[in-house]
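One structure is given below, represented as structure tokens, and several questions about it will come after.
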Amino acid sequence: MTKVLLTDVDGKVLSVVKGPTGPEHRRLANEVMQRALEQANLQLDLVSYVVATGYGRLNVPFADRRITELTCHARGVYSLFPHVKTAIDIGGQDAKCMKVSHGRVVNFAMNDKCAAGTGRFLEVIAVALGVKVEDMGDISLRSRKKVHVSNLCTVFARQEVVARLSEGEKLEDIVAGLHDAVASRVVGLARTLRIEPDVVLTGGVAKNNGIVRAMQEHLRCEVLVPEDPLITGALGAAILAKDLWQESVARGERAPTELRRLKKATFFT
Amino acid sequence: MPNDSRGLAKAKQVYQERSRRARQLRAEGSRVIGYPCVYVPVEMLSALGLVPYRTYGDIREPVTEADRALPTSFCPFMRSCFDCALKAKDDFLDGMVVAHSCDPQEKTARLWESYVGYPYFHFMDVPGTVRPEAVEYFGGQLSDLKATLEAFTGQELTVERLRSAIQFHNEQRALVKELYELTKPAPPLVSGTEMLQVVKALMSLPVAEGNDLLKEVIGEVQGRTTGGPELKPVRLLVWSSTLDDVAIMEILESGANVVMDEGCGGMRAYRGEVKLTDEPMDGLARHYMDDITCARTFRQGADGETTKEYSQDLEKRFGYLKDVVEEWSINAAILLLVRYCDPFAFEVPSLRDYFDAVGIPSIYIEYDYAEGALAPLRTRVEAFFETIG
Amino acid sequence: MYPLRAKVNESYLKSVEAMRAGKPTVWAMLNWYYGDPILKAMDLEVVYPENYGAALAATGFAQPYLEYADADGFPTHLCGYSRATLGYTSKMMRELGGEIPAEAPLGGMPKPIFLMASSAVCDARYKWFQALGRYMDVPVWTLESPMPGVKELFLEGARERMVELGVRHLEHFVAFVERITGRKMDWDRLEETVDLMIEVNRVWHEVNELRKARPCPMHSRDFWSAMPAALFMMGDLRDSLRCFQDMYAEVKARVDNGVGAIADEKYRLVFAELPPWHSLGFFDRLAERGWNFVVESFGYRPPIPLDLSGVGNTLERITRFGLQTFVGYYEDARDEHVPAGALAYPYLKYAGEWKCDGALLHPLISCRSASTHLPYVASLLRERLKVPSLIMEGDIVDLRLFDPEDALARAEPFEESMQHYRGVRRQEGLDW
Amino acid sequence: MAWYCGIDIGSVYSKGVLARDTGLFAFHVMLSGANHRATAEAVRQELVTRADLARDGIDATVATGIGAANVHFANHKMSDIVCTARGTIDIFPSARAVIDVAGQSTKVIRIDEQGLVVDFAVSERCAAGSGQFVEAIANVLRIDLADFGPLSLKSKKPIVFSTGCAVFGESEAVTRVAEGVSKEDIAAGVNKALADKISSLCKKVGLELPCAICGGGALNTGLVRVVEQGLGVELLVPPQPQIVTALGAAAAARAWLSED
């Protein structure tokens, strides 16, 4: 997903727009930006500063600065949960764990090697089980005894659960088992940082109440989830943009900005 | 080409086609001996007029042949080295000398010897500790190497020859240190990427040619007014088993000045010097066991190994890094390892303790020795710089 | 054969009691006879974190300790046994001030008076103990254990220099142990211990020779249960010697009466590296298919006997014996041009002399040293002896990685493969 | 004349073959879905209908694949490796090896003249070594699987997938596309990466010629091409590569019937 979020100088959110991320981040970023501007009815040149983040951050031609998703997520989460110490983001391409102090990342761990422990794991398997990802949470809450999923690799786990299902295991028990597999994997990653509360979970998967429950079981502590767990990265980027802008204004300078046009960028590598 | 007169350009050129000079020398009748690890005493090769050639892997070459004999959960660097050997990418080598510096070196050596038919192959054992009897044993291993080298070349490795080779290599060590002096200013006069190109060039050329190259480079860099690296907020120390591709160095330098590379693509082979003892082999043995700061060698608090006080232990193992941090005004460190590098990986928590103690923020980053690992590496490196920026 | 397994267990429990009663304890790495006789002669209790790591995994207690190691920043790809004991030690020292964790199985491992590492076979086995210094202020001794190249061993004076290293090194080690314990070495007792160690291993070697018989009278499972008494010298060596002698008689009787270890021996196999301790029942399932495991893992077998009666110096006998474990096959390996004389070549001997139809190779993801050479072993066996290999991956702590069902699913095609190669061997004039 | 049936319940697709002494009579391929028992039944139903037989009109059935246990009506169950060997020799009597690129894994099997297994290797437990890799990338690039092979063949400069699982490959693909790399270069890169894994698998067992290729992956013309280039050989590609294992099961059914 590509998300654009606009705030005013006080950090008040003016507009939020989400669009699927296709291979052409570039063009999409432009479209999503367009829509966000319309929603806030602003002209692009009225935007003071733009920070791009995430995998496609290099491909937002109208960005003034590019900052990694780790820093942006931490900042966004901190703005919503001032007491956050451990931020966990389970995205479609990776899982990120951040130790956060006053909104800054002090240590982090990422899993982008393998689908297990990412949102993709559930997406892939949901298809095989013929259920909607967004329904998995409620389905799993019906479970009385979860089925242990022994395969870590997404592909083999999918194979395994299909087999379990055909052996007559209950769908809800299997889905609960899947959530458990993801949670144990992500918490294993987080443990390399020493987990401290408050723990905040973000990313599309955070909407899944089954995952949240499984995470709490593995973390042995409460897990906080923002209202819209998808946009914390963009929110953090916007706040950092605001800060960067205000700092330079305070220094009496003008923050270096790029030419503000939704141009078709010529590509660099 | 006018550029050829300039040292850095020359170093870059050698880096880009490392084997070119070796192949040329071979065509002219010299014999080239490969070695995959810093523990191989190149002095002994140079002394017999052999060209020492440090073999590396290639992160751009997908590993396919190595699977014949090596599992995937194995040092990706040695997998790649072995893969390149099986693909005859180093077919200009007349022989190989491998040292038992770590398991992957030792295990791969056996396969190397059986799968690639070099006219000459020698395996040296390396003791685990620096105890006197161990260093003496290593000296014995050196005389074994001497014996097979003499048999291979049909020449005698005389004390005189060895002494003069040691002098050449000591000069190279001194020159590399001199060049590293030039990363001390802010901004440094020479970049980590350039240093890597120079060091890998040195490991592909006869020692004398390497020394000439170094002199050219030093002259050029000292006289630099423009074209040097720009000032970055971070002065970085990289601690690694091997960092041998500029693509990786460039990722690091996107947000930092890499002023010290504690690895086999940097300072490791050039720290200290060989003492010219009456029996030069003794000096060699001492140097390789004492001065090479590779994690594979077991060192600890006090000799005799009867005390084990942690802070004292850290000082003994990592103390030299404190001086580096001070002299090069380093303000951050990255522990950059390929996966499955056990000797180094076991050091990570202790070394990070030590960096904490000297007040340097550090991070451990693990990467696959492969091109596809560069994108994830970039995100981690950038994020680390953001955390300390 | 079972009295021996009982002895091993009994002696383990005894030493746990002793340790709990405050008897000085040493943590040691498997050291292939270099250090153990000295510790034994000095009457020190010894625990082997490698074994304890296996026990933690088998009893399902490894996970929480692995989490401690992770939290302390040890990379997760490190040896699983090392991560488990690093985590165990982290908890014991930092959280419990030296108290053995209550949940620790088999009585746990008490804080040692020193650590005896070994440079043999893998890097983890000395870097791991060094890393323990982060938690415990205890001395570490890293035993030097030469690992020569095959043709290099036969260079003039090479072997003798290794012996010299060993002797001088062990002299220093004895002095070290004396300093730490405040005890004096009883050299007569050491000599007696070494004699017993050598004799126990000689008889144990003979027992394994008997397994060349058809049908094979003794299965790998019995090898694994007896092995610790010889390799780790667990229990009283005199008792053990008697047990091994009884064992020899028992196995000999089976041979004379043509009794096999399994009902119907259809296939004879060599097994390589650590077995899946947690699912040894898997071997019974294979036994039902007629698979008999007649010889196994190089690193755990006794050295080829050599006459040391002429060697006066006890430390020199220890050294030559320890060295023999690794270089025992070097001469043949050299003559047959196999540079991997220690870890790979012996399997050619095993498959050939024990007349194996196939090899079951069990690489372990987080134990590189036990896995690295296996693909090479497979190709050696196929090319030189026309013996096929079945490779089944597993791990030492993540037990889920080994899937017995998966392995059994491959048994059927592998039997066809073993059949096929019987024909090939016949054509090639190999006699089995 | 007797009817033989082979049923291969795979992780993704289930295949059924109905044969007579004269050879293949009919085959049927469908998604395995969640209920393997029902799928097996559906496959049989389709086959008997084609032959216009009663449900129990088949004389011998051999089941194989991960779902074999759910083929309740099978007379006998057999390993998929053995069945693939038999199926291959049935189609290509000259073949001495076969590469099976299936959804869950890739197998290289050497066989003798009777189609008995000589040697075999199965890819590591990693999707990147299986047909799933192709599907995963096709999915993120929104390429129809049928177009994947032809598309990859257009590539001038295949990208290098150096490491990792199918999903790591996905993110790498996404990154590359973001860098402006064309879909055909990525598709070709996927086939190259998979082909490299296949050729190292071949190196483990030692390839014999002639060699066939089967399984869903054999439908990917681009993959077949790079595997051929990588190994420097020409591969035998059956008209229906997906049903080779089921065909072998049918052949095994015939053998089983003649035994008792």
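Chains: A, B, C and D, in written order; residue numbering restarts at 1 for each.
To be clear about the criterion, a residue touches a chain if its C-beta (ideal position, glycine included) is under 8 Å from a C-beta of that chain, and two chains touch if they have at least 3 such contacts.
Remember, it's a predicted structure, so these values are computed and weren't measured experimentally.
Enquirer: What chains touch subunit A and also subunit D?
Expert: Under the touch definition, subunit A and subunit D have B, C as mutual neighbours.
Enquirer: If you tally contacting C-beta pairs, which comes out ahead, B-C or A-C? Let me know.
Expert: If we tally the contacting C-beta pairs, B-C comes out ahead.
Enquirer: Compute the centre of every chain as the mean of its C-alpha atoms, then state which one is farthest from the centre of subunit B.
Expert: D
Enquirer: Hey, how far is the Cα centre of subunit B from the one of subunit D, in Å?
Expert: Computed from C-alpha means, the inter-chain centre distance equals 46 Å.
Enquirer: Between subunit B and subunit C, tell me the centre distance in angstrom, where each centre is the average of that chain's C-alpha atoms.
Expert: Result: the chain centres lie 34 Å from each other.
Enquirer: Any idea how many Å lie between the Cα centroids of subunit C and subunit D?
Expert: Chain centres of subunit C and subunit D, defined by C-alpha means, are spaced 41 Å apart.
Enquirer: For subunit C, what residues touch not just one other chain but two or more?
Expert: Within subunit C, residues 73, 375, 379 contact more than one other chain.
Enquirer: Can you list every residue of subunit B that touches 2 or more other chains, as numbers and ranges?
Expert: 67-68
Enquirer: Counting only residues that touch at least 2 other chains, which ones in subunit A make the list?
Expert: 112-113
Enquirer: Draw the chains as points, connect those that touch, then say whether the picture is a line, ring, star, complete or other.
Expert: complete
Enquirer: Taking the touch rule as given, give the residues of subunit C at its contact with subunit B in the complex, in rising order.
Expert: Residues 72-75, 77-79, 82, 117, 119, 122-124, 126-128, 130-131, 133-134, 136-142, 144-149, 152, 155-158, 161-162, 164-165, 168-169, 172, 176, 179-180, 337-340, 343-344, 363, 365-366, 368-369, 371-376, 379.
Enquirer: Across the complex, what residues on subunit A touch subunit D?
Expert: Touch list, subunit A to subunit D: 21-26, 55-56, 58-59, 93-94, 112-115, 118, 120, 128-130, 151, 153-156, 158-159, 162-163, 165-166, 267, 269.
Enquirer: Enumerate the contact residues on subunit B facing subunit D in the complex.
Expert: The touching residues are 59-60, 62, 64-65, 67-68, 72, 368, 370-373, 375.
Enquirer: Spell out the part of subunit A that touches subunit C in their complex, as residue ranges.
Expert: So the residues of subunit A in touch with subunit C come to 150, 188, 191-194.
Enquirer: What residues on subunit D touch subunit C, complex-wise?
Expert: 78-79, 81-82, 85, 109, 112, 116-122, 124-125, 204, 206
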